[in-house]
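As written, the chain order gives the labels A, B, C and D, with residue 1 at the start of each chain.
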Amino acid sequence: MNTFGNNFRITTFGESHGPALGVVIDGCPSGMELSEIDIQPFLDRRRPGTSLLSSPRLEGDRVEILSGIFEGKTTGTPIAMMVRNENPQSKDYEVFREKFRPGHADFTYHEKYGIRDHRGGGRSSGRETLSRVAAGAVAMKLLAKRGITITSTIREVHGKTDPAEMEKEILAAKTAGDSVGGIVQVTATGCPAGLGDPVFGKLDALIAGAMMGIGAVKCVEIGDGFLAAEKFGSENNDPMTANGFLSNHAGGILGGISSGQDIVVRIAVKPTPSIVKIQQTRDIHGNVVDISVGGRHDPCIVPRIVPVAEAMLALVLIDCVLEQAKYK
Amino acid sequence: MNTFGNNFRITTFGESHGPALGVVIDGCPSGMELSEIDIQPFLDRRRPGTSLLSSPRLEGDRVEILSGIFEGKTTGTPIAMMVRNENPQSKDYEVFREKFRPGHADFTYHEKYGIRDHRGGGRSSGRETLSRVAAGAVAMKLLAKRGITITSTIREVHGKTDPAEMEKEILAAKTAGDSVGGIVQVTATGCPAGLGDPVFGKLDALIAGAMMGIGAVKCVEIGDGFLAAEKFGSENNDPMTANGFLSNHAGGILGGISSGQDIVVRIAVKPTPSIVKIQQTRDIHGNVVDISVGGRHDPCIVPRIVPVAEAMLALVLIDCVLEQAKYK
Amino acid sequence: MNTFGNNFRITTFGESHGPALGVVIDGCPSGMELSEIDIQPFLDRRRPGTSLLSSPRLEGDRVEILSGIFEGKTTGTPIAMMVRNENPQSKDYEVFREKFRPGHADFTYHEKYGIRDHRGGGRSSGRETLSRVAAGAVAMKLLAKRGITITSTIREVHGKTDPAEMEKEILAAKTAGDSVGGIVQVTATGCPAGLGDPVFGKLDALIAGAMMGIGAVKCVEIGDGFLAAEKFGSENNDPMTANGFLSNHAGGILGGISSGQDIVVRIAVKPTPSIVKIQQTRDIHGNVVDISVGGRHDPCIVPRIVPVAEAMLALVLIDCVLEQAKYK
Amino acid sequence: MNTFGNNFRITTFGESHGPALGVVIDGCPSGMELSEIDIQPFLDRRRPGTSLLSSPRLEGDRVEILSGIFEGKTTGTPIAMMVRNENPQSKDYEVFREKFRPGHADFTYHEKYGIRDHRGGGRSSGRETLSRVAAGAVAMKLLAKRGITITSTIREVHGKTDPAEMEKEILAAKTAGDSVGGIVQVTATGCPAGLGDPVFGKLDALIAGAMMGIGAVKCVEIGDGFLAAEKFGSENNDPMTANGFLSNHAGGILGGISSGQDIVVRIAVKPTPSIVKIQQTRDIHGNVVDISVGGRHDPCIVPRIVPVAEAMLALVLIDCVLEQAKYK
């Protein structure tokens, strides 16, 4: 299933070392100005090779819009966007052709499909998120017109909350041939009340599915999240005032529907499974073997997940905004 | 959106104080023996009025199968099931007709629909989960035939991990006119490798959406979940052996696809928002008012969420099992 | 697949001789007055036992609304409706338990599911359309509020276009133990321009699928339909005026999108396959056997298909109306 | 809605004069050999500029596969395919920027979207079917492996059934600045019994929707189609033998499910609306104006619809074949 959304539907394609990656957006309202310069900054933000902290793979990640635009405006027809892969270096991955990298999708793809593109993880590569970010950029432009903005912060890297310490943790892990994870918080401001749909289209359910569908995410919280389990009802409920609420433990969602408060989501990101340290694994013939995953990897994927998480939240919200229009 | 699933599709209906609740299952394979006695025990397990710890509302919750069965077996046509409401006592809720109960869907339903069934929460009532449990019972019977079983444990209530202490916490909260939450872990054993579908139909994404779609759930974790964010990659990866894995930090899912290990999910449940303690809220006219939510409520919803969480996991898994059959 | 529609979604259930038939409507806008008296007249119209021309099966077909209504109005939650079967007389069908009735779904259900409810055709019975008519009644009420009305005429029965002759043909067929078919035209008036969605959600494509999905329909035409194939472009194009069109060969749809003209659909209905005349068939063991399908059948299903065809058109149109709202 | 299918899902994009057209196939089983040489012959068959009877637009229509293939085989991930537009000549269409061509989607797109790509019809161009044909080529390869083949014949052009006379009609229409339509019959051989799904996923309903969704199609018939309405039941039923049927009036579908006989579909195609002859229309300002649609148009679209109709039938069938696998 490579399609996401019911109203603003995106369909993504592409592998890490294939000819190209891209996305088709179906359901974008007509009449909005849109060109590559609306998309490119978002791709640049998630692009590799931009700092010591991220993978040194050099990709221009230049987006081309293939359809759906007429004289600079959306027409209501599908918007296809494509980025060509320029620097795949597939030879680096030849050593993994028959070995399953621990913590990766290698084994499960092999089991599911009986064939696996081992070059850079194929479709399971984080590079796939490029398509989501491109689509998310369009979603964010639509949301901005409706007064909705999305921001995020890295709350924690390997247990550290201070940015300088976070960076130190990442560099230390890199030096050790290891990796670290962290926590990202994403917030949407300006959402109207009424988004989300009981009982299986709850806004929090859609967000949880969207976020857990980002590779490396292992936990999703809404509002106070995990902490809610340890509180009394009298502490956790948000009292109301004439115009709103006195607190936001709920994270902006009640009964699966937005309340008009900020929507607050946190995700826990696991440490990158690709590490130089020797690990035990098996190959496709069933032999136990050692593996060292060198190559161009991020010692901490957290910073590069930020634009992806924002994109996913934007995609959920624009879908709900268009859905809600049906009933107004 | 009251339909869940792509292959084993359930559509639920009904309000807390309406004539009936029920579910239509579409896509159930033919030829399986099925009757009310397969369903009733699951409904009895989530039924209110069975202990001091739960709501005293007395409901028989007798299920009737309306279609889809011929001479005791499923035929491949829709299986409709219905439970009539017998003991609604709607008068108790008259006081909430114009007041929004804090922590409830009252305000957001009002904003979304402009009309709200205030009687027992209407469609937003936990009573809605009865339909899910009935459908989940069918899913579990199908899964059992394929060697897949689902179990769960209450890991924590209001911070306590010992069952006797949990019970004390619940009774203390009840006495105080307050409520508490907790943590539930659900495990599926016997899943084949290969379930789940990249990139937007990942098994963990589907599970996260399903679980966060249960009222009162505020956090979903897969495998080590939140803790993964604080580990090194070398600690978090699960090394492989000739026949499987040496550990299961991943919770049985890699790259969104089941690995054949146990699937492990944890959810954090907020304290029941309905409490006797006085809270501040507003009414539909914008006046700030006090509210005490008496009546028949669970001081802790955690025990009654257990069968619901199991049902949701079963619904996700049978859907993926049928999906996977297409590619075999 | 027992669900129809993307925005106004109906899910139907029930067999001819099971406990009940019904439908769940998901996506009905809130705030519309609705009760059983809005539905019952439509069911009465398609009810058997009302004339010499139709099946003598006596059914009250009393509809009960099970959910989705609060104080006489829709709430935006699922509307479940149910009709109990009262007069099934399953014994009449015992003779068909192992024989495949020609022209019926008996053989194909057997092949697909390996099990078949032979009593009255089970789920493949025309009685299934009761659920569609009930849902269509709600759709028509919503459409009427938007100025859209649906009407239909029987254009032909067994080649005759005069109503008196049609009736004679039906009675003659009945006397001969045979059956006849005919042509029905359905028209929607008052549709705004803009309904339907390129390229796979074209309004004519949706209508064709909806109509061909009615049992016994073998041909669907839009506008001039078949005749368009025999005309010159200069004859078939509809010239435009300042305010509209000079003709309506297109049947109100251009490029899959409504033009604001009347939407005109014609369907060809085959003669009822259930006939008393002896036919050759086979049984489930592969033996060639004779069969006479006595019992309570319509010698011509055309008059009873009329409300079903109207319902299906209404369901397509309300779905498109709600879809279109997203982009306004 | 630019996505078609539930299991073998295609999403198409592109306009007649935009940068490119293409399709993403999601749900293609893994392990099948596939490359551009499997696709190109199908595109060549529908390509313009190949005879006096078709549009002189010169397009190479070279397809490029962008994803989903690894070492010559499908991997189960999305297969994206793209064709760049090379010879658009948009200036020819400048005259139609503000005029609505009769019989075209110009007016309805304008009404729906408020913006319209007038260059070559934009998304409503027949050129869009290129994407369907590319996807259909993949579907046909999958079907062929399962013993299912699709063929078609032009039954009629402007009322003529003899091929030489058909050609004469087309050339005469061209000379007169006019256009003609016709009838195409498509047949699938080798389908197993059991495809299609009651009650809203009936095989004939899916086919009717797919065929009516091809621009210019105004009528769809299954089996005897329209003629069934004029027969007695005793004539129209197909008697069964020990191994099959004695006739195929039903067109291979009973109760919406394939019977194992040939599936027979006929479509009526309207005359091309683009004609040189002067017609009356209006412009976007409401003025009545004359129009002559010169340029590169087919005087009869029937021959070029043949590969499109075959593609659509293939897409429906592979979708049902994969669906059916779930229940085996």
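Definition applied: a contact is a pair of C-beta atoms (placed from the backbone, for glycine too) under 8 Å apart; a residue touches a chain by one contact, two chains touch by 3 or more.
These numbers were taken from a predicted model, which means no experiment stands behind them.
By number of C-beta pairs in contact, A-B leads over the other of B-D and A-B.
The angle of the rotation superposing chain B on chain C, based on CA atoms and rounded to the nearest 5, is 180 degrees.
Chain B and chain C have Cα centroids separated by 37 Å. With centres defined as mean CA coordinates, chain D is found 45 Å away from chain B. Mean C-alpha position of chain A lies 26 Å from that of chain B. In chain B, 1-3, 12, 30, 76-77, 112-113, 123, 198, 327 are the positions where the chain touches two or more neighbouring chains simultaneously. Residues 1-3, 9, 11-15, 18-22, 24, 26, 30-31, 64-70, 73-80, 82, 112-117, 119, 122-123 of chain B are the ones that touch chain C when the two sit in their complex. Only residues 1-4, 12, 100, 102-109, 111-113, 123-124, 128, 156, 158-159, 173, 178-183, 193-194, 196-202, 204-213, 215, 218-242, 246, 250-251, 253-260, 268-275, 277, 279-282, 286-288, 324, 327 of chain B touch chain A when the two sit together in their complex.
Those residues of chain C that touch chain A in the complex are listed here as 6-7, 27, 29-30, 76-77, 198, 322-323, 325-328.
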